[in-house]
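There are two complexes below, and they share chain A, which is joined by chain B in the first and by chain C in the second.
Right, the complex of A and B next:
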């Protein structure tokens, strides 16, 4: 199966060259389509000190279809939906702009990058995005609070 | 059924000289100021008792008389029927048309009168009502089957009795009739006959009276309007379909963006996408891993017997692909011709060139091209035939497809063309210089055929890298339905609007937030509504995750598959068929 082959390859590649601030692995050994990802909040961001767990689900059509990233840890972030799904909105993860040449590592790097700097143009939570734009102090306060509350 | 509409009674003059009417009652009417005339047209004053199976047309006319009964018959009640009433004997001729007239007393009497009238061959029979003390007012038609051929009418007693009395006034000669003195004074011959003449106008009570006819007309007009508008709509839809087909053929429509379902590349088109042996952009000289590959091949090209075996094996891989897919590699005509002629020669050359050993296409072509002298200024160091040949193959095989703007190779020099891509974007494996067989899509992106072919065949027609369609221009892969046409129009209008909105926003940001703001917001709302409409109507199911709302429409809809609403009521389907423009 082509998808399994590629995912296995990517997993090996990732284990060899891990991304700082990101650790990832299969949720269970017999299913390569489900990864557990742990992001540590980058220094200087309101998420610093937090540990965020995510689910990375790869479709069986991978790499033709994009993976999905879901935060299982609650996070106050313009690009993460504030519901029980916690789905993350990344431009490259939209199926119309997804390219098979994009690797999981790059996706994870981008996710880590979003923690450092949210992307208001791609926001799912528009109210948080507005707050981030217009009232950064209050945004940071809430984000920090949520990090303390949920991501410890 | 012909019901009476009008009874007209007047007095005519039959000249005494006339001995036979010859069924013609074209006699002059008596001066009405000196005689009598009666018209009964109020429907409440009369009834049509029987008019079926009757002879005659729309009018029944004849001289009014009372049929003779047996003198002893008690029905000839002289309280009702005056003694001097007009009888058959008072009429001047035998062959005159007659209308019988009698009171409706009992069923027995009615029968008697009617049998008598039958003998007189009357045109019609008129009964009139009498006070209850004389009559049991039985319907004259009751009882056994009605055997008569003339129609039977009924006049109300308030009209019938005075008429009976009048009938008694016009039974004698001219001087004795009512107002007879004045009549003879006025110049009427005393021997002439003045008699009451009845004309019963009837109208065919057609099964569809006025109201029905009116309704029918309305329905007909409605049907015509429906038909005409349906025709018009079909014409328009036909026109739209044709224009959409034309635009698709011109490549102006992003079919995938229409979300009309999966558009895939048919086998025969896929077969036309060339398969090449991979050549690195720089001839494999700089990148170490590929260099390595070449290094291993370079020294081993010369030892013939061993290399032959390897070559064979290696080339067989693409050949296997070729056979399996039913693919024929596109070879320019000149080369094909060349190849045929070279066929025998090649056999001769066999020992000389290691690449020509296999009868597979790529080395063969390479060889042919080489012998044609197409080897273009190759910057590489003097190399073996086997190494340079695939390169020539690239340059001598012009890509028949238009080049996409995003492709990396468009700007590269036209000869020894290599590829920027060093690995297959799907499986991430590196291509091996001069070894890997790659599938080149019309956008000039390359993949392992085994990686890209199944995807194009079953998932999408777009290049996974640049999202450019792999289908040839002018190919319409789907059946264009009205709903697709509608969708395309709606999408196009939304896109236009969104552009408008964008300009409006830009203008708005520059200026104040007054009227423009309202207009802008209104347009925005309309746009959103249309968008929602589109999604709702087509029962779209979003596959994958997109942004909520937004106007990135083109690709935005790409992954949405149209689910034909299964539970569409029949009437809507019919409606759709009749009025293809609605919905």
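Right, the complex of A and C next:
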């Protein structure tokens, strides 16, 4: 299957050129469509010191349909839905802006980038986005608290 | 090549997409969709190159270019320049039977004939007359392995080739379960596998995003409180609805493509605009004008965006430079401070020596004069500290 071949190749490429702050691998050896991802909170952000685990699910139609990225660690972030799914909202992951030429490593880079700097224009949690914009101290306080509580 | 061999061409098919390459090929020769070297390369109107099969698959799902999302149809796809095709066809690949033991590597365009005519590990028809079985070419001259023999345990008829395989399912023998490593008679193994308590299985709602998996015996506990399982009926409903909507959407888009060509050629456009006065086609002109305008806006938007990105990068660079400059400046000030301190220390020593020597010359006495000299020097010490402070202030300023 073309998808398996491409994903295997992308995994090999990722292991050879890892992204700083991101580690990723297959959830189980016999299924390339499910990846475990670990993000470490970047220095200087309220997530600093935290370790966040995510699931990356690739559809069988990959690369024609986008992957989905879910936080399994609770995180206080404008771009991550504050529910059981913890789905990450990334512009490129929407099926109407996904391009088959996008690579998984680009998705992971963007996820790591959002920890450094949330994207309020693309927020799922609008109340958190408002707080981030208008009351950054209180946002940072809660985000740091959650990091300490859930991401250690 | 002996005639008896060439008469036995291999029918094994070669999947060009699954080939492994001797060296990793230049990134320019990779298809943006499958990330493998291009196979039957084609070019789009927007000058992107893909495998013919990959772009067809992509166009089935979306009428946009997979790289830049510009509107794209089957008609906009033409064979890529022959040079590109030659470059990818000349890439050296490893024989697909490598795992069986073949060490051959050859240009990609030769691999099919290698399998068909030469590869010792390709499957060919058995040499025995009347036998329909397949063997690897290197064993084709040996005895036929497709004859049936009797199983020593169940007395059933088994092909020589399959004896090992048969032992795994022979009804008179037992095998171990892969998960719990208990041994079961073969006929019961299949039934056991469905209920083996030690098998690791995914949550029943895994396709809706639950990432939980555990031994079967422990899954019930999870199922009873899994939110995804609770939501499964409604998620199922939504999936079905989305699928129908997608189908509908596709049909509508096809209709729309028929009504409005996705991207009129520039010549058509200018023609249409110039004949705007023509009443009969004014509606048409409006839409093409709108399209023209939209494209214009879009390209302007893209340009602005790249400008902003460039500016951002520049600002970041300047920031870094400024930080560096500030840091260097700080270092320099530090050095200067140390120099000034040393100089002041020198002055202090001289002052001390001067004062002491004058005192000595003035009083000549040792007892009370010595005490006074101590008081005097401490006073001069205060003066010195003050002067250091003032120097510090000057440096700060």
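Convention: the second predicted complex is superposed on the first by the 152 of 152 C-alpha atoms of A that agree within 3 Å, B and C clash if a C-alpha of one lies under 4 Å from a C-alpha of the other, contacts with A are read in each partner's own complex, and residues count from 1 in each chain.
Everything below uses one rule, namely that a contact is a pair of C-beta atoms (placed from the backbone, for glycine too) under 8 Å apart; a residue touches a chain by one contact, two chains touch by 3 or more.
Bear in mind the structure is a predicted one, so any value in this text is a computation, not a measurement.
Colleague: Using the superposition on chain A described above, determine whether A:27 touches chain B (first), chain C (second), both, or neither.
Modeller: In the superposition, A:27 contacts chain C only.
Colleague: Touch test for A:84: chain B only (first), chain C only (second), both, or neither?
Modeller: Only chain C; A:84 stays clear of chain B.
Colleague: Of the partners chain B and chain C, which touch A:11 in the superposed model: first, second, both, neither?
Modeller: Neither partner.
Colleague: Pick one for A:94: touches chain B only (first), chain C only (second), both, or neither.
Modeller: In the superposed model, A:94 contacts chain B only, not chain C.
Colleague: With the two structures laid over each other on chain A, which partner does A:105 touch: chain B (first), chain C (second), both, or neither?
Modeller: After superposing on A, A:105 lies clear of both chain B and chain C.
Colleague: Is A:57 in contact with chain B, with chain C, with both, or with neither (first, second, both, neither)?
Modeller: second
Colleague: When the two structures are overlaid on chain A, which partner does A:122 contact: first (chain B), second (chain C), both, or neither?
Modeller: After superposition on chain A, A:122 lies in contact with chain B alone.
Colleague: Does the superposition put A:72 against chain B (first), chain C (second), both, or neither?
Modeller: After superposition on chain A, A:72 lies in contact with chain C alone.
Colleague: Would you tell me the residues on chain A in contact with chain B in one complex that are also in contact with chain C in the other?
Modeller: Looking at chain A, the two contact sets intersect at 2, 5-6, 9-10, 61, 63-65, 68, 87, 97, 99-101, 103.
Colleague: Would you tell me which residues of chain A are touching chain B in their complex?
Modeller: It is residues 2, 5-6, 9-10, 61, 63-66, 68, 87, 89, 93-97, 99-101, 103, 122, 124 of chain A that touch chain B.
Colleague: Could you please specify the touching residues of chain C with respect to chain A in the complex?
Modeller: It comes out as residues 17-18, 32-36, 54, 57-58, 61-62, 66-69, 209, 211, 227-228.
Colleague: Residue numbers of chain B touching chain A in their complex, please.
Modeller: 425-428, 451, 455, 459-460, 464-465, 467, 543-548, 555-556, 558-559
Colleague: Which bits of chain A are touching chain C when the two form their complex?
Modeller: Chain A residues touching chain C: 2, 5-6, 9-10, 27, 34, 55, 57, 61, 63-65, 68, 70, 72, 84-85, 87, 97, 99-101, 103.
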